[in-house]
Amino acid sequence: MPLNYHDYLKLDQLLSAQKPISPDVGRKAHEELLFITVHHSYELWFKQILFELDSVLALFKAPSVSEDDMGTIVHRLERIGAILKNLITQVDILETMTPLDFLEFRDLLYPASGFQSLQFRLLENKLGLPSDIRLTYNSQPYTDQLKSEQVKTATAAESEATLFSGLQAWLERTPFLESEDFPFWQKYRTAVEDSFNKDLAEIDVNSFLTSEQKDRAREQMRATLSSFSAIFDQDFFQTERNKGHWRLSFAAIRAALLIQLYRDEPLFQQAFRLLNVAKELDGQLTQWRYRHALMAQKMLGRKVGTGGSSGSQYLKATAEKHSVFSDLFQLTSFFLPRSKLPALPPKAKRSMGFNYGDTQ
Amino acid sequence: MPLNYHDYLKLDQLLSAQKPISPDVGRKAHEELLFITVHHSYELWFKQILFELDSVLALFKAPSVSEDDMGTIVHRLERIGAILKNLITQVDILETMTPLDFLEFRDLLYPASGFQSLQFRLLENKLGLPSDIRLTYNSQPYTDQLKSEQVKTATAAESEATLFSGLQAWLERTPFLESEDFPFWQKYRTAVEDSFNKDLAEIDVNSFLTSEQKDRAREQMRATLSSFSAIFDQDFFQTERNKGHWRLSFAAIRAALLIQLYRDEPLFQQAFRLLNVAKELDGQLTQWRYRHALMAQKMLGRKVGTGGSSGSQYLKATAEKHSVFSDLFQLTSFFLPRSKLPALPPKAKRSMGFNYGDTQ
Amino acid sequence: MPLNYHDYLKLDQLLSAQKPISPDVGRKAHEELLFITVHHSYELWFKQILFELDSVLALFKAPSVSEDDMGTIVHRLERIGAILKNLITQVDILETMTPLDFLEFRDLLYPASGFQSLQFRLLENKLGLPSDIRLTYNSQPYTDQLKSEQVKTATAAESEATLFSGLQAWLERTPFLESEDFPFWQKYRTAVEDSFNKDLAEIDVNSFLTSEQKDRAREQMRATLSSFSAIFDQDFFQTERNKGHWRLSFAAIRAALLIQLYRDEPLFQQAFRLLNVAKELDGQLTQWRYRHALMAQKMLGRKVGTGGSSGSQYLKATAEKHSVFSDLFQLTSFFLPRSKLPALPPKAKRSMGFNYGDTQ
Amino acid sequence: MPLNYHDYLKLDQLLSAQKPISPDVGRKAHEELLFITVHHSYELWFKQILFELDSVLALFKAPSVSEDDMGTIVHRLERIGAILKNLITQVDILETMTPLDFLEFRDLLYPASGFQSLQFRLLENKLGLPSDIRLTYNSQPYTDQLKSEQVKTATAAESEATLFSGLQAWLERTPFLESEDFPFWQKYRTAVEDSFNKDLAEIDVNSFLTSEQKDRAREQMRATLSSFSAIFDQDFFQTERNKGHWRLSFAAIRAALLIQLYRDEPLFQQAFRLLNVAKELDGQLTQWRYRHALMAQKMLGRKVGTGGSSGSQYLKATAEKHSVFSDLFQLTSFFLPRSKLPALPPKAKRSMGFNYGDTQ
């Protein structure tokens, strides 16, 4: 028989999965279907996101990632970004449900909660949220919220390859510019110091500042300069990393810096996009959590009485803390403006171009 | 056992309904899942839209619609608007699939097509798209695209209550301002004529226009004035309506005009919102169709060879023609600016206020 | 001369107001124009928002707000909502500027900052953000950021009418349901107690809970019940208010509760929308601040060295604390589901309907 | 003096450029400011778009576009896309103005019109909209709508470099795969024919089709196959191009096809993005025009009387016809699925990789 839209999409199965429970207890609540539909939409898209993410992790698993695959990797991560963007605006729909309407069936759902979504936990784990960063909800591990048969799947994802680990390994393999002829990091350090010295000299002659303000400004600049040790001095970096200030390795951090500074070189153009989309996904999950926190606050009002933090407070806290690629955000502090960057010698520049020729 | 997110939402059933067919024929296409997920999301939301729409139609079915229900009716229709808005932006996700990717499995789907969606046809029918306006696709009735067991459901919706019929009946019951003391329509006609005469006088003294231009302008103004017969002269209106220029009844059209002109009166504030949301839904479906037409065009390229219009051309044509509330759009031509409207006499004004008092 | 688009819009003036300063110091930065354009777009829309807000405040200033104006008030506030929504998505454009690009001219802007926007401060003040809630930035009052001639305008707005004060006065005038025949608050208190007693009884027979869990649940429920004193006992409320837990008056809080519970009554339908849009504006400003905080974090990296909180941390803090209508959010805690609400006696119900009749 | 936000942004100049004219004639219309603000926002963003576009055209003007600039080019065009996307959603704000409100000052604006926007015409011209495709409005050239001093600027842009001409020249320089060892186009033609023959064979054995249906299907397939001459046979292509079916040159068309088919090769990854963003800009302008057409229709109602097409009909027609990169859309018809593409020989593949090595 010729293929039909309805059968191909298994619409009978799909559209019979929305089963409000309020009618079962004689309290038919009109808004319950909306509540279910919104969550179904979320879960469908989470499935799609996990599918794309898994395919990217598989490509990252290769001992060396083929340059042919870089377009695909970036494209699929950007698609995840497009999905997350849409899920954030979808909150607009749920917000058409008023608190009074929610009250009609809210007690029936107890103690079910969105924090029990396996797929969302898998998403966090596969991106690379480490268990020591993850916040507990009312002092309980997130796995306590899952069904017993789901726990294994969730924890397995913690130890398997993640976008974080894949990206880190790939960064560590980035061809370095360092060579005897061109000691890049030494040159970059000199450029940084020159830049600070110039700024210090400008403070001296700044007639708007009192001498006290000048002292404070100088002190701050020296502190900033000293913070650059993180990218010049592996031991310093390692100490900071041990304190939890960094997650990526020294080699990966340096590669990420390089890629962003020299993003115009053909070899780094796609790599730059990859770093960007990693930051974008992180930022979108943060927005998603925050937007849901605001909605929960509006829907549920003030949490009264004993018993730990509210869902809304927890969500806000995860928006702040559950960042996977925070290293990439703070790396920005170690940029120099383009005009102050060490120029690449022709040999280095050529090795980052195409075989075909660097122009067409 | 305590209720759990996973079981409450029947996620096993929901998340096992996505079954790509490309692996079955040994041509696993990565992008097929996205194609399915997008359509699943559409169908879930169509179900939700139909649910809200049905509930509104039920409220409209009462011999007189309770004023207590007006807030609910408007609110639910606005929710449908919020859903449609989100479905339009969701096209962004599907557009991350490139034509080359689609080509990997496009032939496997033949002859299945989105035009076979029962729920979308129900949506059109329940809004009130009449069968004589509906375009045929390749000269075939839309029901030819449906499964045989779906045809009855779809055609039943054509003859049952629709948003159009409900709105029309409700408009026809709108309390009219007309009374012996206050012959509203006569006053409105006078106001219209005064306004045109003033404009005609201004043409006479306009020194920028040549006498030829003045003639043309006068001719055009007289044509416009004469078109106002549609709201003053029932016979004229009926003739136009018989030609297909109007769909609503004379009484409904007049009420819709009144509500929009005097929307500030308490009695008309919610009614005005109702007319607005009806126009909004119409406009959003138009946008949805057009956006899909553009996507189809991008995805499929130029339709080659024999055999009727392409899907993209059909979609563009429906964007233009499948308007349910076009009457409300063209009614705008018969507005006068507020400053020229007949003032309501105190008695009329009071009858449109609250029992409680017209101020607080 | 006939009016022309270019002259009507004063485009010469408008389009010559973008003056990048990077070329003046010989460091032409391509991205500076984008930076200026984004801020120009913000300031244009802030002006529009203030214009709409001022017009609403003027309508609220009347000793009694005419019911004829309620549609206009709600409509204009909703327009502000539409503008804010667009300003939030506009951040997407600014985010196309990379941190490296910003670095090209960032130092030239010092110490200018978005915190110096007079119009944004006016917006906060006119909404009703009280000075005792407002956070200081690096221990300095916000007025220190303004030009001296702007300070007066900004502080004047603190003491003039605000949306908060206008809404409060209007709420205080809301017709109460209370009468000798129908002692509403006594009935509501009884309904609340009945509801809690029923829940307590259910705990007793719940076989999933240990006796310790039951004790904890009972304790929490009693705490929640006792919190309802806020709406029943004016002295209790006043004590909480003095501690900063509430900002609106007792009468206004009660009216806001009533309107939300009985929002279907014609008299309350538009009032309900008004409360909703107030919450919406509050929520959108919160999102706007948070989204900017994330962007600042991405753009500027980790703030290093001495000298107070970063702009990004300040923005996040204001997202949390600068809520004007937080009372309306927490009021949700005192709702009962519709099915448990005291039924309105016919007399009360009629007084909330239209003169014309309560059905059509 | 230290730089200040207000002075840096020339806010006095910016915020004094909104001058409603309705108060001047004693008919102060509240909504006129919104009308002005929306158009100011458009013009500001048009200026930004033109600035980005001009910078891209300058980069394209080089005799050979440096591969180092490809990231910048794509990035700036994607920024234009982000701006256009926002301008489309901005229509939501204007739609909060009702037709009745517009009527208050609409006549005062006559004959000024958005069709007089110089910057929008420049945008069309710089993208490469050719004058022979451009529709006339009421039989008049678009330049008749401009101020006399603007005409020269607008028409100059017609004959200068455009995104279309820059892209075409760049495509024509794309390294071809064709070589004696690897006669690509011959191989592609064979692959296409094999694919069609396979499909024809499947029709023969398809038991769902009547013999009449089979004849029709075969006829259609042969027509499709014959249409492929456009990419194989330069004379055929030229004939079609002379009829207006194509705008790009034969060489450019072939390069665009190649880039899309082999987009995973490092050399083509950025090139593929460039083609994509060209299509995206085209599509977004189409959406922008259509959305405005719908708004005009809603705002103005039915055009009555004599005198040519309405603005809304004109906008709809331009949405359909003012496509600059339609060639790229129809090229999709000549794709083969990846699995059927001729495999690249190692030498060709290597020349499209990086000097550094094809993996990392």
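Each chain carries a letter (A, B, C and D) given by its place in the written order, and its residues are counted from 1.
Convention: a residue touches a chain if its C-beta (ideal position, glycine included) is under 8 Å from a C-beta of that chain, and two chains touch if they have at least 3 such contacts.
Since the model is a prediction, treat every value here as computed from it, not as a measurement.
Between chain B and chain D the CA-based rotation angle works out to 180°, given as a multiple of 5. Of all the chains, the one whose CA centre sits at the greatest distance from that of chain A is B. If you average the Cα atoms of chain A and of chain C, the two centres end up 29 Å apart.
Annotation: 32 Å between the Cα-based centres of chain B and chain C.
In chain B, the residues that touch at least two other chains are 2, 263. Of all residues in chain C, those touching chain D in their complex are 2-6, 8-11, 13-19, 21, 30, 33-34, 36-37, 39-41, 43-45, 47-48, 51, 55, 75, 78-79, 82-83, 85-86, 89-90, 92-93, 96, 108-118, 147, 150. Those residues of chain B that touch chain C in the complex are listed here as 1-2, 64-72, 170, 173-175, 208, 263-267, 269-270, 272, 350-360.
Chain contact summary for the complex, chain A toward chain C: residues 27, 98-100, 103-104, 216, 219-224, 227, 260-261, 263, 276, 279, 283, 286-287, 290-291, 294, 297-302, 304-307, 316, 320, 329-339.
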